[in-house]
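One structure, as structure tokens, below. Some questions next.
Letters A, B and C name the chains as they come in the text, with residue numbers starting at 1 for each one.
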Amino acid sequence: MSVHIGIVTVSDRASQGTYEDRSGPAIREWLKLALSVPWQEHYRLIPDEPARIEATLRELSDETGCCLVVTTGGTGPARRDVTPEATEAVCAKMLPGFGELMRQVSLHSVPTAILSRQTAGIRERTLILNLPGKPAAIAECLSAVFPAVPYCIDLIEGPRLETDPDFVKAFRPKAG
Amino acid sequence: MSVHIGIVTVSDRASQGTYEDRSGPAIREWLKLALSVPWQEHYRLIPDEPARIEATLRELSDETGCCLVVTTGGTGPARRDVTPEATEAVCAKMLPGFGELMRQVSLHSVPTAILSRQTAGIRERTLILNLPGKPAAIAECLSAVFPAVPYCIDLIEGPRLETDPDFVKAFRPKAG
Amino acid sequence: MSVHIGIVTVSDRASQGTYEDRSGPAIREWLKLALSVPWQEHYRLIPDEPARIEATLRELSDETGCCLVVTTGGTGPARRDVTPEATEAVCAKMLPGFGELMRQVSLHSVPTAILSRQTAGIRERTLILNLPGKPAAIAECLSAVFPAVPYCIDLIEGPRLETDPDFVKAFRPKAG
């Protein structure tokens, strides 16, 4: 089973070309260092539109067959920030522990980490993971939660992910 | 008012006899050491079926009159894991602090603690508490949250629970 | 843009005059020490009635134009505790990080902090923040989350709040 991973940058301004997307590339670079299995990237740059975000997540899950879709942007309290709601709308179950841990880790850097509404959820055989929009927070958040990602994907019957243990160590608990 | 406590193991395989339920007994043994008041156990072993879980929780709450129902199993990200959703479906209000604390404590042991979606909620005069399925995590999670359980049951007008303070210390805040 | 702040004490007994509201005044005193910009208080003392709480939150947001509404009371597991549900009913988006951090901080004082269901959410240009009912916990919770409040209100296009940095330091992250 080949490994397809979606990277979705949600940003009105980056998708209009007002500035360059630096968050999507930051996720790509991090995953390149983390994963020791061959994988194929599916990148999307879209505006903060609920219907558009939901359609993109559904496409990457149902058609492209991504086992993991990582979003960046749209997790704050502003009017246009709707990524967590769009994620919840397409997921069958939510994993609140991801958001809790990412906020807890980001709180060591900035007290405004509590404004981030990021979450994670499962759609069929796809784990959808929201990251904050700021490039600086991406490595911090991925490093915190990624040790649990390969086992999560095992549990939803996805492909077996392996990581470079010197960069990030995947953890798979023993049965019992 | 006598103390009735439900222990619900949610597991396809244990309920089919594929393996023996070790989680339900682990909860029983922990509660025996924790509680210093007489109590009666109501044990159920059921498959990961939403309707069945909901019916069992309603029965133990409404008919058996349990002040506390502790579930184990079905809290992960896998397709058949639906215990938190079934719990939410029968509860009038949710207590997110239980799941947050249990995940936080389990994170000291395993990075995959963030995959556990366990929660707690109130149905009439019953506190329903999800624990993870692995026996190893049960004592860890119960020890973390149980100090708050007797006072919670006071607040929902249930019977007064007392604990062995050498094993786990119940906390009841003073008014004001 | 002038700064309007709502303080809502939700309590059956205080609103009937059975005892004096000490929580609303505790919020007022804390905000007086915290804020270095002129602000106007809008105080309400209401019973634990969902419709009444929702109407009060809507009024303070839509008509009075408060950028911040702080509630106290009604966040526990008891039958009449419905403030978080009323808050969620009037908010377009929820900010789970506020409740997580407040519970985490209160856990250092009392293990029953996990019983508090307090949350925060956004209604148009208003941040609604639930605090627990006990006056002792109010300063503790406000001190924990308030550093993120001025930036949150920036993001929802409200007035610029400034604080006395010797009392509580507002944090505004740099872009990027």
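Please note the rule applied: a residue touches a chain if its C-beta (ideal position, glycine included) is under 8 Å from a C-beta of that chain, and two chains touch if they have at least 3 such contacts.
Values in this document were obtained by computation on a predicted structure and should not be read as measured data.
Residues touching across the chain A-chain B interface largely differ between the two copies, under half of the numbers being common to both.
In the Cα superposition of chain A onto chain C, the rotation angle, rounded to steps of 5, is 120 degrees.
With centres defined as mean CA coordinates, chain B is found 31 Å away from chain A. In chain B, the residues that reach two or more other chains under the touch definition are 96, 100, 104.
Only residues 22, 76-79, 81-82, 84-85, 96, 99-100, 103-104, 107, 110-117, 134-136 of chain B touch chain A when the two sit together in their complex.
Within the complex formed with chain A, the residues of chain C that make contact are 93-98, 100-101, 104, 122, 127, 145, 147-148, 151-152, 155-157, 171-173, 176.
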